[in-house]
Amino acid sequence: MTHKVAILGASGYTGAELVRLIAQHPTIEIAALSAERKAGMTMAEVFPHLRHLELPRLCKIGEIDFSGIDLCFCALPHKTSQEVIAALPQDLKIVDLSADFRLRDPAEYEKWYGNPHAALAQQKEAVYGLSEFYREEIKSARLVAGTGCNAATGQFALRPLIAAGVIDLDDIILDLKCAVSGAGRSLKENLLHAELSEGYHGYAVGGTHRHLGEFDQEFSKIAGRPVKVQFTPHLVPANRGILATVYVKGDAQAIHDTFAKAYADEPFIELLPIGEAPSTRHIRGSNFCHIGVAADRIEGRTIVIAALDNLTKGSSGQALQNANLMLGEEETTGLMMAPLFP
Amino acid sequence: MTHKVAILGASGYTGAELVRLIAQHPTIEIAALSAERKAGMTMAEVFPHLRHLELPRLCKIGEIDFSGIDLCFCALPHKTSQEVIAALPQDLKIVDLSADFRLRDPAEYEKWYGNPHAALAQQKEAVYGLSEFYREEIKSARLVAGTGCNAATGQFALRPLIAAGVIDLDDIILDLKCAVSGAGRSLKENLLHAELSEGYHGYAVGGTHRHLGEFDQEFSKIAGRPVKVQFTPHLVPANRGILATVYVKGDAQAIHDTFAKAYADEPFIELLPIGEAPSTRHIRGSNFCHIGVAADRIEGRTIVIAALDNLTKGSSGQALQNANLMLGEEETTGLMMAPLFP
Amino acid sequence: MTHKVAILGASGYTGAELVRLIAQHPTIEIAALSAERKAGMTMAEVFPHLRHLELPRLCKIGEIDFSGIDLCFCALPHKTSQEVIAALPQDLKIVDLSADFRLRDPAEYEKWYGNPHAALAQQKEAVYGLSEFYREEIKSARLVAGTGCNAATGQFALRPLIAAGVIDLDDIILDLKCAVSGAGRSLKENLLHAELSEGYHGYAVGGTHRHLGEFDQEFSKIAGRPVKVQFTPHLVPANRGILATVYVKGDAQAIHDTFAKAYADEPFIELLPIGEAPSTRHIRGSNFCHIGVAADRIEGRTIVIAALDNLTKGSSGQALQNANLMLGEEETTGLMMAPLFP
Amino acid sequence: MTHKVAILGASGYTGAELVRLIAQHPTIEIAALSAERKAGMTMAEVFPHLRHLELPRLCKIGEIDFSGIDLCFCALPHKTSQEVIAALPQDLKIVDLSADFRLRDPAEYEKWYGNPHAALAQQKEAVYGLSEFYREEIKSARLVAGTGCNAATGQFALRPLIAAGVIDLDDIILDLKCAVSGAGRSLKENLLHAELSEGYHGYAVGGTHRHLGEFDQEFSKIAGRPVKVQFTPHLVPANRGILATVYVKGDAQAIHDTFAKAYADEPFIELLPIGEAPSTRHIRGSNFCHIGVAADRIEGRTIVIAALDNLTKGSSGQALQNANLMLGEEETTGLMMAPLFP
């Protein structure tokens, strides 16, 4: 049985990545693609790398007949997304890739994003889309909120440890190194090749990055008490990849054992032998997350490093994984491609 | 029905790329992987990006039982390849990725490669592996010689034009821009990131690159008289991709029409609208070749630009395409994945 | 004696490069810096890499008192530049880095740039700023028109050959590979790191690039009859550098000899031994141009390759070289720094 | 007065960088250049970017007449360096760029480097070469030990804070992002462009990097009690640059004030306004170190970020700064060039 899907906001990187993935999916078919400012164009014009595919022409959202659509991916900017989703049919299955439905508490949303939430009804029913930890809720959800890409990486590196109580909850530092496609196709000077390719730097330094809202929400929920982490992202001259170097206080072997147990049956999480460090070149273009654990020379301190592709496992791959769950398909369908190396 | 294959020389980039592709192939199974110096290691140790796959441990060629193998990919260095292939069972189907069986004339081989050919019997039966132009011969071949990656790119840009007689055969210039993975995993100073990433340059300037042997052989054969092209490759700071800018004397519209006709039914060749130029970012990681045609401001001169991924369409993808033909499978099986962008 | 200069349009890459160079110049002092939209900001805010320098605050052009200025660099966009220069004091020495005063024939200007020239009086007196070939005129010029960076590279590779009559004038092909800083700090999708770093492509294919106006003008002038070259630029994933691969018909040794004679006393032109190919990594950040010559395997065909840094020798370094000449300074002052490698 | 210097080990990146810098120095002249395996070659053959300079031909160390040499830079591999230096004239001024004389305690040397020290006499007299903190000792030293490039970066970010007692000494984490030229010109797979350019990763994870020996020695000396930091370096796809993100417990304003006071008169240290983060693109090719300070959202936690060019301020620039001090020159001579951006 084939499922028909629409992708709203198909002219950005996450939209293109969804098309790339779904093109290989045996039972999902793209029925509609929207892009307000590029409506009327073909995908081949916007993304020549997709020119071999037969795809619907880009249209405006208002032109889509949702009656035949089984599921809708929303790859729209945040704030726009909530407005659009509030107006969509209320029985349509939705995977939202924006930040709009990630935070359970509307006050937290407003604190991090600066505007009151405009789709509170939908926000209430949304399920947090970290597939490995919300699998059952996602299966029966109508609206799934894809996680932030940094937020996903940090959670893969920390959730089992917080749940198992093997680390000090008051001294967690996440130093993230993010590739540039995570910033999207927006035109900013520091994203230009000339400025980025031989330059890297921290940003949102001091705990101002919005993905902290997700960390606070999820880690506190698992711990059963407030947990606040330190989180400093850095922009590095690569296209795809997030590498989270996480500094924790806890025993390395216990931490490794905890991961081994937590991720034993996870198809997309690869735990490296203790002492080995993952690299973004080994996960590029794939839905895999590699996790490494090493004891520091200082007793009782451990470094956890997690690597994933921000556009795949961190965003569109996660979205398809969730769609599979929502549509009753095998979770891994269309997602087992090997990374592209070199 | 599942076909069992062996990959000899699996620890190089083309070997890894074959594994990446075959991992997604529904009817081909990897039964053996060899790497003389890394025998005993797992593929996950050599290529951590493949760690999610269940693969045979690397072994020496002598340890492989070829009786159960349906087809063997040889991704060995040239000269080694001919020696190995001469010693393999003579009824084993083989796709060779080296340069050893590309040239029909042993004297030409010796001229370009510097040593007499050591497997003349096998050389005689080898079929040149440019799938789009030797499809029928490949279907019934025992031994197929994969083409050079530069040679493939140049031929896609020129064969139909030479065959149709729409260009001047005595004034053809190929200016190629090659990404660095084409140089393989060899350790040379000019392949270091520090030296290449902000540096690009011509090499083998003046007509000394060995792929000229293939151009001479194939273009002269099509034309029915000697054809010699000028060919200057350049190394550019990218990982995957070959972009051939070809300067010819001929009418742009006639050239575009000729391509349109020649490639009308080809699943992997995408002809762009006249005037558009392809980019390597639109074919990366895929088996597609994009071709563009533009008229120069000087009457009667035309620029043809072809772009493909040297490791996929230029090497391992082509090898799998040929294996599909030899094994009676659909030619495109396992090869229709979309390019990775960005 | 110290010369006071102003830089108009100091917030772009060529403006920043001028400041970098002049900061090391013993007898030139920056008295004013303009940037209309960033007026009021410090250079450290716009270009943090210059924060160690004491520099005037950015202002609007109208705020500059030109009475104390000895020479003015105009690093403004073309079309704006001519309007500004028409309104500047008519005895002020000017080095213009834009395209506005390069073409001698106003009709040619209009043909390539699409608008009638708005400063015809100034255009008449302008001297073409290729220092090595217009040295004497530049010394006594009031207004010098800096050349296009591609145009400079192509001319270094061809002028002596055309002048000496050692190549066929009707069959010259320039295949250029340009780094991205040549596109300036403009915000375009194809200049984003995510799109460029693993992608390269031709542009302005077919003879539509505006620098052809300069080639036509200069080459025809030298030859004493119309000369039209083929010119295809390519954008490659590097920040600085232009590499021109020039295909000519002529004898390689005669060509090498011609260069040796023509450039014997040139401080910035380095002729490589015959057969060697230059690389952009060997000229980065410097005012040098490396030139290589190689015979093709086809008799009578030769490849000339020239490499320079588009922002230095191709633009701001050339501008300073010209300013030195205009101010009576040694031509090389402040320009002999070695390239940055790696 | 001109000082004559020799550079031993001139065929590596730090040797080339020394030549680049000294070529602009008004009173230092290069009298000899050694490279054992490349003896007999010209520098232009080894480093074509230096071909415009008149330089002595590369020779073996044994061929150098040290009687006319005022100062010798040793850019040799560690272990070799100590053997060579033990055999040099004992009154020759030396700046050593290797790791051999950095650690005061021979036992610590053996612990981190694995071999007993072979030049204990020289080791005793060596002065640690962090110019800003050992200025007076360096002025009168015969043998100065250049610091590790990571070690320099970390110390600029921490020494004043430890000295002033404004941070918790038991909870210091240095997360470093290092560009690839720091690994030198050695041929390793993970330094290849194909593997590094789209891949980044941690290495020496867990406190095994040798520069920890320097941190331990220096920080403990300043504090007057043992101080052990956590230090995780990462290799990122850039050529030049080190970015140290340092996590400390202390008040951001007090930390910023401490830096402001400590570095008020330092010509090469630029303290950014509080809250601003430095980028490696703003120090490339220069001798400057940029330092930023930001308060974390968690009270009492502060992030310090320091950026410098590993080959310049982290190595050869520091060496020249020390040579200036040793030779009685102005400390900044030949070192005030602006960074290369973009």
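Labels for the chains are A, B, C and D, by order of writing; each one numbers its residues from 1.
One rule holds for everything that comes next: a contact is a pair of C-beta atoms (placed from the backbone, for glycine too) under 8 Å apart; a residue touches a chain by one contact, two chains touch by 3 or more.
Heads up on the chains, UniProt names are A, B, C, D = N-acetyl-gamma-glutamyl-phosphate reductase.
Owing to the predicted nature of the structure, the values given are computational and were not obtained by experimental measurement.
Student: Supply the minimal count of touching-chain steps required to go from chain B to chain C.
Tutor: Minimum step count, chain B to chain C: 1.
Student: Greatest Cα-centroid separation from chain B: which chain?
Tutor: Chain D.
Student: Round to the nearest whole Å and give the separation of the Cα centres of chain A and chain B.
Tutor: Centres of chain A and chain B (C-alpha means) sit 36 Å apart.
Student: Need the CA-centroid distance for the pair chain B / chain D, whole Å please.
Tutor: So the centre of chain B lies 45 Å away from the centre of chain D.
Student: Which parts of chain C, given as residue numbers and ranges, touch two or more other chains?
Tutor: Within chain C, residues 13, 181, 192, 194, 196-198, 237-240, 278-279, 281-282, 284, 341-342 contact more than one other chain.
Student: Help me check something: in the complex, which residues belonging to chain D touch chain A?
Tutor: 171, 173, 175, 177, 192, 194-203, 205-208, 212, 228, 230, 232, 234, 236-241, 243, 245, 247, 275, 277-282, 284, 292, 294-298, 301, 303, 305, 307, 341-342
Student: Where on chain C is chain A touching in the complex?
Tutor: 13, 180-181, 183, 185, 187-189, 191-194, 196-198, 237-239
Student: Which part of chain C faces chain D closely enough to touch in the complex?
Tutor: 13, 16, 19-20, 23-24, 47-53, 181, 197-198, 239-240, 267, 270, 272, 278-279, 281-286, 288, 290, 336-342
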